[in-house]
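After this come two complexes, each holding subunit A, first together with subunit B and then together with subunit C.
Now for the complex of A and B:
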């Protein structure tokens, strides 16, 4: 993961959207409709930032000082509590706006979060398609091979966090399309 | 006029005769003028027709050429889109569709309807961001780029205004409002009062205002400035930045639905 983080971020710097240079973007908006627009923009920015850097989860306290939440040019920043509110909103289901694009890892503590720029079920679909197209059904693969192996270098999930991959594979397990076995850190997977 | 005045009763008859001849002559002149003007106009219209046919592809593809053409039509009192919009209202008999439909077989109307569709879509997409007030220039830029709404379309502000106008008969609630020198498409039916319009005009200068800026520059009392700002905030027409020395209120016009 550290590897892909470095390569993808050093290849091209992340292009922040124009909204990032809009000073009020960093202040929670008092008007409900405007606030909704603001939350949508933040959700979209966080997702594309994580996608660019191939980040699947982050610690809020560490990330709050990163360029994502801190625009040093404007000298504007998101407060920790507002960042938390935004992640809370992202964690809500589709009908409430957020579309489950985030998920607290440590529950009520709300310090670590998943950012699902692709949700586990979306990853599951992509991985299943790849298995299908490369004729690897009924082949046993290790999760390590799947995320770090040479054969998946060109795939979007390459370098993926193991826990995130297991979450995605679990979707396939529930659908009866895969089986995960082995002990922690040594997981293998077989696709049907 | 005759320099010598007739005397006696005969003079009355002469005067009547003279004024009648004048009137007659005037009428003749008028009718000749009228008929020659009519001829000129019909010649011009047929030339316009030929011109439009000859240059139809340029009119369609070149925005500044199209604007000039529209301006030319307006100068002689022809609204190229009018007939199709207000059918039955003042459409003359035997004339179905607008001049542009007649000239170019509906292509031009289609063009404006396509622009209109994109304008409507952009207004909808940005409504919660800008409170339903979208700058014509910003709209033109975005529709021109075609980002997120299909391919780009080379258009002018004039095309956008025309497109919005073509929506009027639908009772769409889309209208053009002018604040200062800037035109906006308003997609949420709401009147701006004078103070609100003034503040929006001031915002155009720097992109934002603060209460004290309004107090100093407009000689307003604090309560008045605060009330207007609160109204604008409540309508979603400005965004708040609370991370400066004094609260600043920003125009969202350049966001354009970027997420």
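Now for the complex of A and C:
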């Protein structure tokens, strides 16, 4: 899981945006307007990078050396605290700019983070649509089937982190559209 | 003596002639002509220089500023303050008879008679002028009407605008000049009526007598002129004492004898009517003649120092060292037509007469002739009297200066003497404003003068301080350079310097003090703005995108250009590094630049974080967020 981005199916290399090769991009800007723009660009870069590599969560300490935060051609890198500040900003609600695109898994320690390039609510909607379209209402599916099964190969969430999937399914549970049961590691889900 | 127009520097101080030095400055000074205040000239700075007394009003200084040449001053008098009346220094012009004597001594040559100083007095061609004054429909009011103050018995003049036929209780009455108490209206009325009654009989005969005395020297020469003057003695209008004709004031009672004096009368009468424009009435007194005397009224002290220094300057006669009042071009036809002599140049202030339009060899010859005539005139003028001879002997004047100082003419006590020596050495070192030079007006005047001084120093094109520094320099640098230019004497303290710089805005001077975010104080031209700096920075950035960097860079320089450091900016714009850093941060603050911190230090880039490098206009692409 830690190095999940290495094992993921990256058939072609990630295309970094032009700002990635702009040296000041790696220095926190003191000007408020510039800083906001910088944070937005970092947020969108992290999201698209994670989406490309099908990453749902990562450890900051390990990822800080990855090409995402370390531009080897420029020999520029984001410091750990700067990266943490960016994730912090991403974790903020929509009105503060971040749009809850990230979430610290270990709370105050701030070492592990979710990157919600799709938020749980958005995943929930997509899964529900898929269930509807494939006529699997009232059918019991295991979470493993959902994420790793052959039937979902073509779906965007294929290979999704189990915890992330459970978070998304919980949204549906709250809406009364699904029911999750079973013990840990062997969860099943039934859609209504 | 004339009120001359005054050129002001950018800092609204009088611009000094070469060799001219500033001796004293005093604020809150008012100007009087004779006994009357001159409107619009009641609150200003008096500048005493080695050549002139200048007056610059606080409001509208460009409009209301005049100067009087010291060389035209006969004597000065000091008048202490009394009750409501402020202390004054009275300046008397050289009497007109001096000019007459001078012209006589030059002999009979008609070209000599066109001495420039004489032309200015307009008394040179008295014959036509006298006839003009005779045909004038309304003769001016008599000046010799006086009223006696019932309190202190001082005899005051009745104001010229006082008309006994229209005066009522509500008419404003000037207070007594000595004690400042207003007289009852009846006193004034009586005085005016008596004067009017006595004038009726005398005016015609006086004018006729004037005509006689003036015509005689023209036709018969010097000897008969003096005899005619002796015969034509003047009775005093107040006490009837028969005075010598050359006296301007009654020997017994001191009443002015102007109406009967041979030259004062006609020139005075003629003056107002023939003046090309009614300047005085409009509140502009430039180029008007001072007939009686002018007074400087000191509302905030400083009169004693000015008086002393003025006396000193009159003794030293520094203007003799100054060869510059360019020898006026001699109008060619002036000898034949007297009307031209009236419009003749006043010491080169009015434009030179148009050059004659002859062409070819004739023109060259004519010009050569003119030059020769001019040279002849200069030589003749130089040997005219001792004063002019002295102009060619700087040493003599220098000697006179030293003597004056040693004998203590300029200063009564020791302290003043030492300060005079100090001032002189200060002048020699090219300093302008010193604390010693300013009157008791105190700190504020010192600061405002220092402020003007600094502004002048900065904008002086000869030194080009600001240009050298790229139009902006830190206040500390200015302070250092300015003090260095003072050669270690009369240094300005840092706090004085800052306070003076803070006054620039108030005094509307062409430089301004600016405080950067970090608190750094810099000095800039008034019209310099952040926008201008930003535009220059942007141009530079654009240039960097066009020209490939010296070393290969890992980023796309077509897109991003190159980073600049404060040092580079300082070098390019000739700023100091501190200023450059501040300017770059200012541009960053405005969102034009963004920073990169690296091992090379802090460097700045064009802000491609907010703006899109592809679009030149710098459109913000926040929309990239919605990539999913």
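In this text, the second predicted complex is superposed on the first by the 182 of 192 C-alpha atoms of A that agree within 3 Å, B and C clash if a C-alpha of one lies under 4 Å from a C-alpha of the other, contacts with A are read in each partner's own complex, and residues count from 1 in each chain.
The rule is short, and it goes like this: a residue touches a chain if its C-beta (ideal position, glycine included) is under 8 Å from a C-beta of that chain, and two chains touch if they have at least 3 such contacts.
Just so it is clear, the structure is predicted and the values come from calculations on it, not from any experiment.
Superposition model on subunit A: subunit B and subunit C are shown in a clashing arrangement. When both complexes are overlaid on chain A, the residue A:58 reaches neither subunit B nor subunit C.
Of the two partner chains placed by superposition, only subunit C is touched by A:117; subunit B is not.
Once the two complexes are overlaid on the shared chain, A:69 sits clear of subunit B and of subunit C alike. By the document's definition of touching, both partners, subunit B and subunit C, reach A:37. With both structures placed on the common chain, the touch criterion links A:130 to neither subunit B nor subunit C. In the superposed pair of complexes, A:29 makes contact with subunit B and with subunit C alike.
By the touch criterion defined above, A:19 reaches both subunit B and subunit C.
The superposed model shows subunit B running into subunit C at a single listed stretch; among 78-86, 168-176 or 222-230 it is 222-230.
In the superposition on chain A, the residues of subunit A contacted by subunit B and by subunit C overlap at 17-19, 22-27, 29-31, 33-34, 37-38, 40-41, 43-44, 75-76.
Across the complex, subunit C is touched by residues 17-19, 21-27, 29-31, 33-34, 37-38, 40-41, 43-44, 47-48, 51, 73-76, 117-118 of subunit A. Residues 554-556, 559-560, 563, 588-589, 591, 594-598, 605, 607-610, 613, 620, 622, 624-625, 627-628 of subunit C touch subunit A in their complex. In the complex of the two chains, the subunit B residues touching subunit A come out as 128-129, 131, 208, 233-236, 239-244, 248, 250, 252, 254-256, 258-259.
Those residues of subunit A whose C-beta lies close enough to touch subunit B in the complex are 17-19, 22-27, 29-31, 33-34, 36-38, 40-41, 43-45, 75-77.
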